[in-house]
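As written, the chain order gives the labels A, B, C, D and E, with residue 1 at the start of each chain.
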Amino acid sequence: MKSALLTEKNPAPDTRHGMILYMENVSVSFDGFKALNDLNLYIKKGELRCLIGANGAGKTTLMDVITGKTRPDTGTVSYGQQINLLQHNEEQIARLGIGRKFQKPTVFEALSVKENLYLSLKMDKGIWTSLWHALSAEQRDDIDQILHTIGLLAMQHCQASELSHGQKQWLEIGMLLAAKPQLLLVDEPVAGMTVSEAERTAELLTSLAGEHSVVVVEHDMGFVRSIARTVTVLHQGSVLAEGTMDAIQSHPEVKKVYLGEEGHD
Amino acid sequence: EEDTIKVGVLHSLTGTMAISETTLKDTVLMMVEEQNKQGGLLGKKLEAVVVDPASNWPLFAEKARELIVQEKVDVIFGGWTSVSRKSVLPVVEELNGLLFYPVQYEGEESSKNVFYTGAAPNQQAIPAVDYLMNDIGAERWVLLGTDYVYPRTTNKILEAYLKANGVSDEDIMIQYTPFGHSDWQNIVSDVKKFGSSGKKTAVVSTINGDANVPFYKELGNQGISAEDIPVVAFSVGEEELSGFDTAPLVGHLAAWNYFQSIYTDANNAFIDKWKAFIGDENRVTNDPMEATYIGFTMWAAAVEQTGSTDVNTVSDALIGMAVPNLTGGIAVMNPNHHLSKPVFIGEIQDDGQVEVVWETPGTVRGDAWSDFLPSSKNLMSDWTAPMLCGSYDVEAGTCTGSK
Amino acid sequence: MFKPVLALFFVIIHLSIFQPAYAQDVVFDDIVKALPKASFRTLPATLDKAATLDDERVATLFARLLEGDVYFHPKNQQVMYVTKIQGERVWIDTLTEQNIAQPSGVRLRKVRVNNRVRSHIRQLLAQRNLSHRDVTVRLQASQSLLADVDSISTKVISSRLEQEKNADIIDVLTTITALKQLQNDDETAQLGALETLRGSLYPEVRVALLSLQRNSEVTDTVKANVDAALAGIEAKRKWFGWAETAFFGISMGSVLLLAAIGLSITFGVMGVINMAHGEMIMLGAYTTYVIQQAFPNLIEYSLLMAVPAAFLVSGLMGVLIERSVIQFLKGRPLETLLATFGISLILQQLVRTVFSPLNRQVASPEWMSGSWQINPVFSVTFNRLYIIIFSLAVFFSLLLFLKKSSLGLHVRAVAQNRDMARALSVKSNWVDAATFGLGSGIAGVAGVVLSQLTNVGPNLGQAYIIDSFLVVVFGGVANLWGTLVSAMTLGVLNKFLEPVTGPVLATIIVLVGLVLFIQKRPMGLFPQKGRAE
Amino acid sequence: MLVMAVYVVLANQLFSPESFFYVSSYSVNLLGKYLCYALLALALDLVWGYCGILSLGHGAFFALGGYAMGMYLMRQIGDRGVYGNPDLPDFMVFLNWESLPWFWVGSDSFFWVIAMVILAPGILAYVFGAMAFRSRVSGVYLSIMTQAMTYALMLAFFRNEMGFGGNNGMTDFKDILGFSLQSDTTRLVLFIITVCVLAAAYYVCDRIVSSKAGKVITAIRDAENRVRFVGYNSASYKVFLFTFSAVLAGIAGALYVPQVGIINPGEFSPINSIEIVIWVAIGGRGTLYGAIIGAIVVSFAKTRLTGIMPEAWLFALGGLFVLVTLLLPKGLVGLIDHRFPVKRKVNKQESAS
Amino acid sequence: MINVSQLNQRYGGSQILWDLNMDIAAGSRTCIMGRNGVGKTTLLKCLMGMLPAASGSITINQQDVTRASIESRANIGVGYVPQGRHIFGQLTVEENLKVSLNCKRQTSRSLPEDIFEYFPVLKEMLQRRGGDLSGGQQQQLAIARALVLNPNMLILDEPNEGIQPNIVQLIRDVLLRLNKEKGMTIVLVEQKLPFARAVGEQFYLMERGKVVSHGAMPELNDDLVKQYLSV
């Protein structure tokens, strides 16, 4: 109780070996169906990694495992070298600095755009602090900055339920920014965005990399190409291929199960 | 408005107790109408003020207050459950109101402002056990009750009484159930086993209200007839029976101070009046109705006699007041605010009526404080001068509690 | 139980009407003359005398006394039977057994009998009926003799035994003989009797053995044998005790199931927090009452008629409620709680106004009464048995209906996403009305059954609403199988706890257990699985 | 606004008895009772309206607070009970209890009672909430479990062995802190205390819901999972809110008992708890003053209707419930907002539970 | 086939669609485009009757359906694939598909075989709960579900959102086939130009709730794209 009500000290991940996330031999099955199958994945600190793979390959499930939503049947997941994520629940993992944008945009519908960001700010999340908390000037600036970035400045007092699908996508990205996580998991950020909006997102994500580590799941190959350095292809719950975009695009198996014609262009 | 005498009626018309209490409301209305036909009281018409406390105990207190303070009624007829009475009690004592309570109850109470016209335990439970013991020859006893004060107290008294009469512990089985208990399979089966020991077994039931129907149905279905194991009930009267399929009940017993089947002119007239008033040939009368009748008649007589509706005056006049029972004989209001009444034991018939099979030779004086409970055996109540005390400790010679 | 006896006496009445008077008439006359003056205490002796007469009219008299049909004229003391034959009231003179005119101008007085007299008469009848030609009457007679073996002589029994073919009766009679033998002081006789009685489940046997066990005069061998016999009996009794409790549990479970099953549709599937569910049950019960009032001669069939009628009444009421209120609350499930609570108040008061606040009397048909005596310590009451069967039947037909008809699929689709379902051409209005009607209708059917178990009054619904919600939620909302399992679990648990803790604590323990259990399974016994979104 | 109205009532109390403005002590008493209900409704609205926890067992906390106060009042009777036993309450005497059971120890101290009023419902709510919210029981499952809880408590308190007076509960209180409960002044003071407590509670609740924690709570109502992924321990927020609300309910119960003069297990009955929900829904869920208005309006309607139309008032009340749901989806405050569009945050997505 | 004239729509206080006009011929393939939040989904919902029109009129197949119910539009033969898919999460794939059977439009009791031909994955997943499917699988299910209704017009709201490239191609092919083989009218909301170009014959561009430009697909030049589709 104490830890929940009062401030919780969150340890930083140990990234001395350059890796921020280790997933080893992870398997997840649902009613006998293997969504993840003995998967191994390592994410470097500051890296921008694209994750592609057929629908149902297990990308979202993988994010579920990292963020504590789904417990794997076997395998280990560790954040930095020392933090075993499997021992933490969703909120603890979030506090450890892993942020996530969901495939289906989920925002707090009854709150205003601004309040959505306010709640997401990186700060002590204990109830005691929350009861007495008032925004500092610095935080105010932060929020304004983010509102500007996501193009919702004009709508900041609107209730989030009034946003269109694409606007919710943006808002969710904004919430991610507000949380200043070390590791960002972004599930299909540009779904439902126009080409140029996608471009802006690409810029945003690239600018985040370096300081943060980013894992992006996307089916829009144009988008992936524009941001990707390393691409990992998932297939039937395990890694099928990993490498640069070009290497992947000419990978015959990947072409067959995923890219289709796109591989040819 | 000023020249009516107001009679408050405080019976639940909705909620769980409406089943029982609505009838009493109608009884009071009938009595009021009757009285008005005869010219009212002291030259004024009576006016009934009906409110609905909705089977909600705090609401009883609120409504009692409303009746006395807002409506300025001169007397209240009301209550069924003891808890409703307990809720109203402080209010009538504070505001010096007058309450007639018409239902049998567990005793252990006597208030200056309340007149108890229902039976005390010694006017129902004890005679019933006497009958079972002496006439039926019961040797083993099952005391079944709903888990609350009335059954608990009654059973405590009975247990003490039975033991005093040489019944051993192992021959007494006590079981309590929640209100509205509807699944009696286990208990009835246990009773059956308890009763198959070769000794004559009887059940004394203080099961309350709605739980009775499923209980008797289960008895019938498990094949326990009144001849094997008779059940005597204190809360099952004609009105309750009118909602039963009486086939499985025939021969089981009820103990009351009144039965509709008792053939007297007064009772016949009362029954006719009631049926006409309510407009239903099939409606029945029951003990609490008689208690209401007696209470009302006594009050009217006291008002008439003293020429006043003042609570103190009327209360004083009520003590010693004698009114003919509907079943013959005379009911007398004792100084302890309880009545002297005859006690009848009857067997239930298949038409829902109860045939008297035994009755006390004379009237029994209602005892506010049971002689069989250690806490109250020294207590007595007397609201006449010089004692003027609801609980007088005879041994210590002091008046405890309410004065 | 004494139905066959009665039937036979009707035959006798008719036969005897034209029969010439017997020579002993004087004696029977005396007995009849004594009746008006008899008290509860003197009556048994008078009847004992009557029993010794070889007069057919005695049997009639006994039967009539049992029924409480014997009256006398207060003035001239004429004793007569007042009874109904084919719905008509008739007056029959006791001596001549001829119909007579209704005595005018007086209120007849009753020859009162009480329980004691009645059981005395039954005992007397049993002795007479031991050689009755109807097997059931004979069996019953012999069984009632068990309770009082002293009232009959060994000779009569053994002569009866020689002629008897029926195995059950033989069993009872040998038991009686053995019980009589036990009373002998002769060791061999006792041992022989014990041999016969070993394993017998008649409570009378157990009582006899127990008293023998306490008897200090018997020999050690006998004592050892008694102990062994008793141990065997106790073991059997225990076993049947468990069986009985299990039956009680299942039967309670099936009542819960029946009460909850309608709710598992309106609440579980449709998501309407239907506080008026109890009142739908109540309407069903009142429908039974109305049917019985409308067809007083068809009580035996009343339930069969009431089931469809109650389904219609409650179902239509459900449709009405859905159309007039609930349909406007789409997407506001919590508001349905408020509205349906209002409706439930209105319905309760409506019933109070229409039918009065008193309980209504609903009769049980003959076939629902009594019990199926499997052995002397284990019997199964018919009403419970039928209810178990019926509730399972309702459950499975509903399951089948929802599976086979498109309604089942449509309801679930509408419940999950109304607009999308409509975009797929589902008539959501119709589906809502039909489903709510179906759920309510089934509640009505439950009401028919409950009318056989409990009060039919304005509060009937209130008594079941909480249990119903508990059952549905415990099982896992929207899962019919869950409702079944949860109802049965709660029933059985309750019944096994009850003997140990008493009913009040049992209920409390079950409730607390439920609260704790939900911590382990936050979505009930059978949760809806899948990705939470 | 409400506080204003109450002040008027108080001032009027000081008017001459025959004056038009005079408010009888009967009405003051009644109003005091309504305000206790209002406080209870406020407590429920906090968890239901703002956090989506539909508690069908808030009556239990109310009753526990009431019982704690009842125990104290019972002890205050001292030897003025019918049996004149200075230590034991009457119901214990006549059930042959030898001495006070352990849980009655300290009940004669007013401060202990204040502590119990807070602790009894608080601890129950904390234990219940901590278990349920940590194992993520939510929605109807939670609602029905709260109902089971109050139902079980009702059965338990009905039992005479529990030592709380069984079905009859506790009545016939004489005085509180030495002041006679029968006197009008004591009543008035109790009323004033109720007003103050309600005002204070309103203020605190308002602070909570408009704080950042309030936003988190609203977010939990609409998307609890998402809240977790942002890093909030939603369970502890819920436990906090639930416990706080239970304590408020307990205080309401404690204020209620001396004003109505009886506490018995009927207060635990599930129907009572449902009624609280009704008040809040009628008034307007998710607005604090709505809950208060709802409680007062419904209770007032009940008082009047049971007097005016004793046989038909259920039709009226039931009809009111139906009509309000159909015509005023936001409850009575919807009506007010409609008439006087005050600047107020609209909560559109209220259907989530 | 679809005629929209002077359509206005508002959510509470804020107006979303302004005097919108649109004409879609039977058997044509139309693509509606525009930035986030311009009102594309709102327009489609109005067409389907899920949102009431404030004023203006909608005619489908010469029937005025402005005030008609959702299901009556389905019965006319409008299939709808909503944005966000709206799969019945607790129903199995098979049940999802079967919802529209036994209704006025589709009285058959069994599923048409061709949907499995278009989307073979579904066949393998018939018994899985709709909510458990991955995004792309759900999208295929949503299209197939609309097809079971046997519509003569298909309205799709961003069907490619979150779909793997080869399935996007599959969907493109399916749509073209449906149009060609069955003469099905296709109305598509799409953000991605290549796909829009491949499927659409004509386009509508929306901005702030109004149609700002429309014409045949080849007329959609870079200027228009820049003006109305980029940020």
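To be clear about the criterion, a residue touches a chain if its C-beta (ideal position, glycine included) is under 8 Å from a C-beta of that chain, and two chains touch if they have at least 3 such contacts.
Every value quoted in this text rests on a predicted model; they were computed, and no experiment measured them.
Visitor: Can you give the shortest number of steps from chain A to chain D, where adjacent chains in the path must touch?
Guide: Minimum step count, chain A to chain D: 1.
Visitor: Point out which chain occupies the most central position, where each centre is the mean of Cα atoms.
Guide: Answer by centroid distance: D.
Visitor: Computing the C-alpha centre of each chain, which chain sits at the greatest distance from chain A?
Guide: Measuring from the centre of chain A, the most distant chain centre belongs to B.
Visitor: On a CA-centroid basis, which chain has its centre farthest from chain D's?
Guide: Comparing chain centres, E lies farthest from chain D.
Visitor: Just how far, in Å, is the C-alpha centre of chain D from the one of chain C?
Guide: Distance between chain centres: 44 Å.
Visitor: Please work out the Cα centroid separation of chain A and chain E, and write it as a whole number of Å.
Guide: Inter-chain centre distance comes to 29 Å.
Visitor: What whole-number Å value describes the gap between the mean CA coordinates of chain B and chain D?
Guide: 35
Visitor: Please compute the C-alpha centroid of chain D, do the same for chain E, then give the distance between them in whole Å.
Guide: Roughly 52 Å separates the two chain centres.
Visitor: Where does chain E touch two or more other chains at once, residue-wise?
Guide: Chain E, residues with two or more chain partners: 132.
Visitor: Residues of chain C that contact two or more other chains, please.
Guide: 348-349, 462, 504, 507, 529, 533
Visitor: Which chain D residues touch at least two other chains?
Guide: 155, 158-159, 225, 311, 314, 350
Visitor: In the complex of these two chains, what residues of chain C are touching chain B?
Guide: Going through chain C, the ones touching chain B are 1, 40, 68, 107, 110, 112, 114-116, 118-119, 122, 203-204, 206-207, 210-211, 244-245, 248, 251-252, 255, 348-349, 352, 356-364, 369-371, 373, 379, 381-384, 452-459, 462-463, 494-495, 498-499, 502-504, 507.
Visitor: Along chain A, where are the residues that touch chain D in the complex?
Guide: Going by the criterion above, the answer is residues 1, 4-5, 67, 69, 89-91, 94-95, 100, 102, 106-111, 115, 118-120, 125-127, 130-133, 159, 161, 175, 179.
Visitor: What part of chain D is in contact with chain B in the complex they form?
Guide: So the residues of chain D in touch with chain B come to 24, 26, 29-30, 33, 79-84, 90-91, 93-96, 155, 158-160, 166-169, 171-173, 182, 260-262, 264, 266, 302-303, 306-307, 310-311, 313-314.
Visitor: Applying the document's contact rule, which stretches of chain C touch chain E when the two form their complex?
Guide: 406, 409-410, 412-413, 416-417, 419-428, 478, 528-531, 533
Visitor: Flag every residue of chain C that touches chain D in the complex, lowest number first.
Guide: Residues 267, 273, 275, 325, 328-329, 331-335, 337-339, 341-346, 348-350, 353, 462, 466, 469-470, 473, 477, 504, 507-508, 511-512, 514-516, 518-520, 522-524, 532 of chain C touch chain D in their complex.
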